[in-house]
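Both of the next two complexes hold chain A, though its partner changes from chain B to chain C.
The block that comes next holds the complex of A and B.
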């Protein structure tokens, strides 16, 4: 039979204010930690967003011309041929935007030409020849573009007839959003005035800029050739093996500079680095949240130790009397452990209410998802363990009080 | 008397070293975390245009088609070339500027320096007076230069240092892309934090270093960067942006009085109505005038993450203080005997209270010093981060003072409850039980 809790409650009533403060501290800690752990989880999920591309094999070089050029298209093809000639380069392409690159084009998709509001308003739109191969995308249905499907992007922007893309490759997420019940493959969708047929579906392809939660895969690829003409710009993306990335990057820059020295290097990076930069804020936030949680738990634990020690010192006489009347050491130990368990339980119950309140505030103020219920029992277990761990040392000290104390003044 | 209290406090704190250390540690941690995050929030939400921010307004018009119309919707953030030019021609505000940003290649006259790319601002002439930008050499271009698309440029001190070695470069030529621009003015570096004028460029950090007339940028075919939002049949081709239904320009005005502000709002509504009658606008008039701070608020410039971190730190401080209240309470109550003796010897309750609060204040001061060290350390860690705003995270004098004020005030408040309870001791009873 565990310790009868009634005498403990009676004794706590004599230290009402202190007990309430401890309960409050445990409650606040429980409430904050539950929410913080949930937020940490959200950050970590975001940091691990699958990109769909071969993250650790891609490198990027961006060159900007000084002033206008007349023969940009021929030069671009020449550049690409030279890059493909570098040993270790498995594929090379020039793209208008790259994953986690912050900037890029978005387009809307409609299912018919006379539809008023688009079915999807913002789909990250990748232009470039050979994107599927260059990125190492997983094609789950359909095929890649064939050479005769490509047009120059600049022509499309100028509205030249016949430059509109007649085919498109979408991600599974876009396919599912467009055609929830049926297969999207082979269906026509409207991105520009003329219909484009879905000829392929890839597993994942992350958007090139910040996304609305749940829409990280809202991307498509259009068969458009990109050149570094003024305004649009283009990034050379090469795929190589992870250990050769640095060498190939240097070789690529040297090669491009050699072909045309009249241009300025404006980007030289691996995709892995670009990804790390993109998520740096999330990583920093997660780190901060983890550190604060840890500090919070340490402070609360120390608070329990400190108050526990005080109570033990204050009740030395009382403990001695109990020991002299026949209580065993283990009974004294149990007493303080049970007392802490009770205080922690009150704190946790109060803390759950507070956790819900904080979550509600975050939902309203910062449009975060609501705290899932299963975080509450996790927080409860954590705080119980913390309390028991922290009270152990004062409780052991109490248990070691000899019965003879009762007879001293 | 106060010196005596300080001595008593010092003795009491030394008597129980580990407990004192625990209290100071908790206060320091809480203060350190709070000041680190609050400093970041403070830096990020500062007024980028002090003294003028309440007179300078961003103008939004709703030129989008009826297709995607939603009641209570917000207009797009930027304006089209046609609308920008119309508003500029009417010139109803005290000052007005139409602008956008871009990246341009600069070839220094010194052939030993490599060409490089920098951020540039393409704007009409009022930008300098509108934003209160200070000239070191020369001056701004004129409306006439705007109209004639003159080949002129204004550069910042930093660019002037880099290209012309810091000399008065007015009248000299600077090669920008394919053209030679004549430098007509050098301004002090102008890096408002955040870059309220064009949030599509980086929000924080370095701003543009080269300014040239908007028309000139179009003549030279300098591409613009930032966002381009096309609707209807608009095509985002750089070469024909003037005629397309695309918004890509920022419009800023200065309105010196509230009456002028209201009149300008009225004018924008009338303008929208007139455009509607012409058939250019399809939607009912929907205009916005944001002063600088409300514009930043509307665009939610301070990252939500930063604010959540600050809330978390405040929560943490509260826990630390509750912890300190509990420990102080236990400590003060244990000293009932001492309090009883002092009361019996003639000390008033107020004197006891002052003495105990002095002790709490000392913990606060020590915690504040510890918190300051931790905040400096924390901000140093923030600056290590690769964010664009990381470099700004410095403790300024206000926040330095705030650290101590917060530390001492919060511990004294935390000490109030324990001290009040402790000085309620009835001296006779207390002495008898001993």
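The block that comes next holds the complex of A and C.
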């Protein structure tokens, strides 16, 4: 054993109140930091949710028409052609939904027409011609829609015969949920009355609105053409290189205004910005939690430094005596390090119980997920390191007390 | 056992240089019991702290048990203090947070001794100073005389060859002082070398030899009167 623990414990017993206060401080810090780090992790995971789309390349322009227009479908194709003509634009499409928006469409999917409860509900549904290309999605199986598979969304909404989609592209998450044991590709599923065949599977496509935890990838794409006045309207989505986004945005707005000056611009944004806005509350919460943790850790470290310094000053004489009786500098250093390790260990053990309690409270009160067990050893290591780091300077000061202090005081 | 030749110790502060010891010469033989006397501030404690390797010196030579002390590093000095030297201080210097047993154990732990041997030695040492029954007491629960006897037990437990005592009875009343002195004499009879600084002429008289220190130097009291008588004849 590097340093004998029993006499250190015996000595600590003579300073119970101070020792217990420090243990409580360490315990509370351990408990709060464990939970906070877990909550920060949850927020960061959310913030870093893979969208499946080319986040840094997408820009969006949304216009709203004043008054009705007769030839809207033809005009929309004209708009798209003009946008594709802007230098730097790699693709342009008009889509009804965009990722990290605040609104969207959800549908449920059944595996047979007479199934009572859907196999999967609230699947975020994307409409628009060329979604796969426009977003830059990664197709892992199957193919993209062909031009003849598309129907006008408005016709579907009006219930026109033959307008329901006979094919669908789903995410891997949806495919897995629908057919846990088999391949979804080529299977028929029921979204509308008539079956739609899964013709493609994309790696990721985040939902177009807030999701239930774990279902951020519950999305599908239907082969429907969108026009600006088709119910939910449409957003022009263009892909360009990240450094050209602002310029292309300005050019796109100018182009669209030029084609029809009566339109009103209602959205002009990059997807990156939309994503940032979507997660702003998460970022704020994470920031606040990080600040709280940092403050707690600093206060605890200062507490350890303070108490350590006080104890070293108080025990200066006995340190000198120990040196006189044969302690080496390193023995004195280890004494204070071991003492801190013991205090930290008591605090950590207590703190783990408290961490569990706090977690239980959060689970019951706020329906948060339960603190995973591996956060506890992580918190323990963190506080051990914090303690050793904080006690080092007082411990080194103790080790430098000369043995002559024993005679001179 | 302990030889100092032309030893010097200077305390330097920004303002003054104090020669605590100058041209200090002493030779203590194995098994001797030497009392060091002298006026306050003459350098007795300084001599003892250097002799006990608690402090370094500024000049001269010091040989302890055949070793040249100035050549030893800090760890070696710690080891020698631990194994060869027992200290008894005027202020007892027991560790207040530890009970009597744990106090006596301190130097033994630094020696890395096994628990069974430690316990044996601690109880033997406490037996010798008559305090075996107080092993679980804390220093604050003991009288001054008892505390000093615990300190002696602590010094004895490691069976040191050299015992250094700085006014061991300075904080004790006469009766307690006598008890401590008898204990030191007994330890000496069993073979230890003892160097004791004292103010008390009665105690000094019980040592085998007296060394008188004035102004940081050893003065030979036995030769001085002869010197005077010779001059008076002249």
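We take it that the second predicted complex is superposed on the first by the 395 of 409 C-alpha atoms of A that agree within 3 Å, B and C clash if a C-alpha of one lies under 4 Å from a C-alpha of the other, contacts with A are read in each partner's own complex, and residues count from 1 in each chain.
As a convention for this text, a residue touches a chain if its C-beta (ideal position, glycine included) is under 8 Å from a C-beta of that chain, and two chains touch if they have at least 3 such contacts.
Everything quoted here is computed from the prediction, not taken from an experiment.
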- With the two complexes superposed on chain A, say which partner A:328 touches: chain B (first), chain C (second), both, or neither. second
- Task: Report for A:339: first if it touches chain B alone, second if chain C alone, otherwise both or neither.
- Result: neither
- Message: One more residue to check, A:407. First (chain B), second (chain C), both or neither?
- Response: second
- Task: In the overlay, answer first, second, both or neither for which of chain B and chain C A:158 touches.
- Result: first
- When the two structures are overlaid on chain A, which partner does A:129 contact: first (chain B), second (chain C), both, or neither? neither
- Message: With both complexes superposed on chain A, which partner does A:217 reach: first (chain B), second (chain C), both or neither?
- Response: neither
- Given the touch rule stated above, what does A:79 touch, chain B (first), chain C (second), both, or neither? neither
- Winner by number of chain A residues touched, once chain B and chain C are compared: B
- Which of the residues in chain C end up touching chain A in this complex? 45, 48-49, 52-55, 74-75, 78-79, 81-83, 87, 89, 91, 93, 95-99, 102, 105-107, 109-111, 154, 158, 166
- Message: Which stretch or stretches of chain A touch chain C in the complex?
- Response: 4, 7, 10-11, 14-15, 317-318, 321-329, 331, 402-404, 406-409
- Item | Residue ranges of chain B in contact with chain A within the complex | 19, 22, 25-26, 29-30, 33, 37, 67-68, 103, 105, 107, 114-117, 177-178, 221-225, 235-240, 303-305, 307-309, 312-313, 315-316, 318-320, 322-323, 325-327, 329-331, 334, 382, 385-387, 417, 421
- Message: Residue numbers of chain A touching chain B in their complex, please.
- Response: 17-18, 21-22, 24-25, 28-29, 32, 36, 39, 64-68, 103, 105, 116-117, 154, 157-159, 230-233, 264, 266, 277, 280-282, 284-285, 288-289, 292, 295-296, 299-300, 302-303, 306-307, 310-311, 313-314, 358, 362, 366-367
